[in-house]
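Letters A, B, C, D, E and F mark the chains in the order given here, with residues in each chain numbered from 1 onward.
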Amino acid sequence: MFINIIDKHLSLKPTEVADAEPLFDLVAANRKHLKPWMPWVDATATVADERKFIEMMLTKQAKGEVFIATIVVDGEVAGMIDVHNISDARHNGEIGYWLAQDYVGKGVMTKALERVEEIAFTELDLHKLNLCADVANQRSRAVAERRQYHLDATLPENILINGQYKDEVVYSITVDEWSKRRDD
Amino acid sequence: MFINIIDKHLSLKPTEVADAEPLFDLVAANRKHLKPWMPWVDATATVADERKFIEMMLTKQAKGEVFIATIVVDGEVAGMIDVHNISDARHNGEIGYWLAQDYVGKGVMTKALERVEEIAFTELDLHKLNLCADVANQRSRAVAERRQYHLDATLPENILINGQYKDEVVYSITVDEWSKRRDD
Amino acid sequence: MFINIIDKHLSLKPTEVADAEPLFDLVAANRKHLKPWMPWVDATATVADERKFIEMMLTKQAKGEVFIATIVVDGEVAGMIDVHNISDARHNGEIGYWLAQDYVGKGVMTKALERVEEIAFTELDLHKLNLCADVANQRSRAVAERRQYHLDATLPENILINGQYKDEVVYSITVDEWSKRRDD
Amino acid sequence: MFINIIDKHLSLKPTEVADAEPLFDLVAANRKHLKPWMPWVDATATVADERKFIEMMLTKQAKGEVFIATIVVDGEVAGMIDVHNISDARHNGEIGYWLAQDYVGKGVMTKALERVEEIAFTELDLHKLNLCADVANQRSRAVAERRQYHLDATLPENILINGQYKDEVVYSITVDEWSKRRDD
Amino acid sequence: MFINIIDKHLSLKPTEVADAEPLFDLVAANRKHLKPWMPWVDATATVADERKFIEMMLTKQAKGEVFIATIVVDGEVAGMIDVHNISDARHNGEIGYWLAQDYVGKGVMTKALERVEEIAFTELDLHKLNLCADVANQRSRAVAERRQYHLDATLPENILINGQYKDEVVYSITVDEWSKRRDD
Amino acid sequence: MFINIIDKHLSLKPTEVADAEPLFDLVAANRKHLKPWMPWVDATATVADERKFIEMMLTKQAKGEVFIATIVVDGEVAGMIDVHNISDARHNGEIGYWLAQDYVGKGVMTKALERVEEIAFTELDLHKLNLCADVANQRSRAVAERRQYHLDATLPENILINGQYKDEVVYSITVDEWSKRRDD
């Protein structure tokens, strides 16, 4: 239906309720890969869970509280990317994403993030984007670093995943830093 | 952000709350042109009214009850097109649209409608699209006829606009008719 | 409690939650007779379903969105009649009804409809009543024709019932036509 | 529309949103007469207040929480009568009513109450009806006494009206007492 | 967390969702003792029921509609006490309480009630407190009498408990009576 | 009503709707003192604003999403302290507080925070408390440091206050660190 073309393989599409099935299938096929970092994996037990989640996110998006998109690689649903906790008071938001195993290590997330920054800073009018991850989530950290986010903090024992309290790193980039980088 | 490119001048984008301002400005500049056919023109008195309308439509869209898009010509917001009254029971929906005066008579609406049919029949899985208009709304009727919808009915005194009961024509096309036409 | 007496056998009463049991028993005893034309028959599986439906309709009625009544023949609940899709914008509404098999062919529905027209045109201030039915639903069509509604349209494949797309006929009568007929 | 005929002058009709205007006009013309006993008189400042009240009561009625009716004398709206605080747990409810000044002293309320008892005990399946009033409200007390309710209590300082704490009398009748009286 | 100390054994604490477990355990261990007087005993089948009840009461308390506290004896949860049906119009409310069997006959409820009267009359600004009980609930009646409430009424067949209609006694005390008693 | 006594001058009480007036008076008298650090000062224009805020917080508290208390010094309302953003997933929450000017510099906040830590770690079962502040808010920072929170981060341009993007410091303490400190 609608598309945001990043390159000849990669695009973003607005997440719709109709994506519930392919997204659920992807989660179901990637539980082992996603579970170390995503606390919602077990709770997404059926297509209905995914549909409920999408409907909830789209209703929030209707009020400007989140931005959510489905990542599409070669026409196939590959994962999701969002800006959540959009704060009207602080003019910032937090990046979230996940990608199925088959698509990692190909630069997909980095390029998707690049496009979402453009949307966040030019269309959502945010001042700053935060990107948080488990300190051990090297993949996620590499994406942030590749996009030249600065590491602002390591918040100790700030996440609880699979029964363990893990440290959480916080990266960020402001609109001015992003702007400057573009001009360079 | 997201786009559905129809040709080098014309595209559709998913309607967002951020479109409230340009859409309101367009309505405000086109009251005289829109009022004979659109009962909502006077009630759209401020940007806030437009924003409330968009938020309401996006919340319905989150539940699959409508599909709504903004029409963009040469990068400028030009009007809106939607499928509403999407009936889960009947697998059909009703087309609605409006275009600012500057853009009429250029084939814009016909091409936008063509694209929305594709979305309705291949992505929304509808069986049939209805298109209703005031019997005197020649422009709207011409769009339906150009897209080879058949005139199913003239429902007498079925619309109330500007204090007058007007006859309403009903055009429609089914997925099979649409399919067939495509193959031809 | 309250009654609208049509003749010595037939009356209408305002539908109440307490009607859920007799109405459900009637639906349950008439599934075969009702199923060809009513898409809700299977979904009315328990008294609770009927109660939920009545509560939903009464809440809509509290807001002027529908009018609903139970048809009573010789003191027994015999079916239901309503005006739904009451459009504040168009000043019209759509007739709906069903009658248990034991009561058909006795002029019950025609007289009930006559009374509801009076309510619709003198108390609900509607301008027009539409009555739609499956093209093959001879019984329903005969009621409309007996009440001198004119056939405005046959909308192709507009209903989906029991897995088939069926044509839908649309009859209507305006307040002026109805008025005139009364004076005659 | 619907009616419960008590005698050739008096009937009850189900309260509808359309009664808001005549009921408001009646309240407005009877403020002085109603204010000593009714705490809601001042708050019913516009037709919209009355409409909102009726919509709220009809929504409660849809859930079986109240029963409400408009009193009609010689075709004119004369007041209201209701059963409120219908307790599912206790199988009882509380009578409430008001009548415009022009209609008092004619036995109207006594007959309306008699009809409502019948509805309460045979259709709402209540076990008992309570009727409470300001100890000084002779008119209201006379209605209860005429209907042979027994005085169960004088609850001291239980009502606050026009800035004063007043004693409240509680009358009641059970279904068995009512039944017995009927047989006599 | 927060406490209202009555004496060295007895205190009140604001009821919190975290009390659901100890309160449920107490109800479960006291079903036989509570069931003759409390209609909610069977419906409190799981901790979740208790939690739902507390959340509902705290939400009402947020709006000033009830006051609710947990009774604590020697550090252990022993029962609950509340003021419910707080009427903004009448400036009164109704006392409710229950105590586990192990704690009855020790003056606990009388002292807890004394403290709640203080709260009701000096902080909730009530004019009057009502205390209702089954006529046969000697224990409850003794608490009211010990606190010098006056018996205002015996309302016949006003409660339905365990399938029987029981008479309900109504005791009350006004702020002035309470004040006066304190000064004595 | 309920109290948590910290020392002979200082206590915490559960915030209630009745605190709206004294709290509003305090905010109104302290706008200049509070505005540099609190973004809500201007929006708290009337007692009704304060009441609405308290009702909203108490409703959240009923669901375990926040903990909120009023700080009382020598029997007078002096400010507020809360734990917000209580995350069920992360087992952590964020401290928030404000104190009227007359009470600062007396160790009030430090002691109040000490008590709230106890509540958070022993009753709310949190794993960690975060305390965030404007980097220039020396007073707030001193409270955290006095309580031996460690400085985890300075998040650049993370707050927007009075039109300026300010850096935000994040302090925290875990239940184990807190426990250990107690034992020492």
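We take it that contacts are C-beta pairs under 8 Å (C-beta built on N, C-alpha and C of every residue); 3 or more make two chains touch, one makes a residue touch a chain.
Listed by chain with UniProt protein names: A, B, C, D, E, F = GNAT family N-acetyltransferase.
Keep in mind that what you see is a predicted model, and the values were worked out from it rather than measured.
For the pair chain A and chain F, there is no chain touching both partners. Between chain B and chain D, the least number of touching-chain steps is 2. With every chain reduced to the mean of its CA atoms, the largest distance from chain D is reached by A.
When the CA atoms of chain C are superposed on chain E, the rotation angle comes to 120 degrees, reported as a multiple of 5. Look at the CA centroids: the one farthest from the centroid of chain B belongs to E. Interface comparison, C-D versus B-C: the higher number of contacting C-beta pairs is recorded for B-C. Comparing the contact residues of chain D and chain E by number shows a mostly shared set, over half of all numbers used being common to the two copies.
In whole angstrom, the spacing between the mean C-alpha positions of chain A and chain D is 60. One inter-chain figure worth recording: chain A and chain E are separated by 51 Å, centre to centre, where each centre is the mean of the chain's CA atoms.
Chain A and chain B have centres, each the mean of its CA atoms, that are 33 Å apart. The chains touch one another in a closed ring; read from chain B in the direction of chain C, their sequence is B, C, D, E, F, A. For chain C in complex with chain D, the residues that touch the partner chain are 1-4, 12-14, 17-18, 55, 58-59, 61-64, 69, 119, 123.
Remark: chain D residues 39, 89-92, 127-128, 130, 150, 152-160, 165, 170, 172, 174 touch chain E in the complex.
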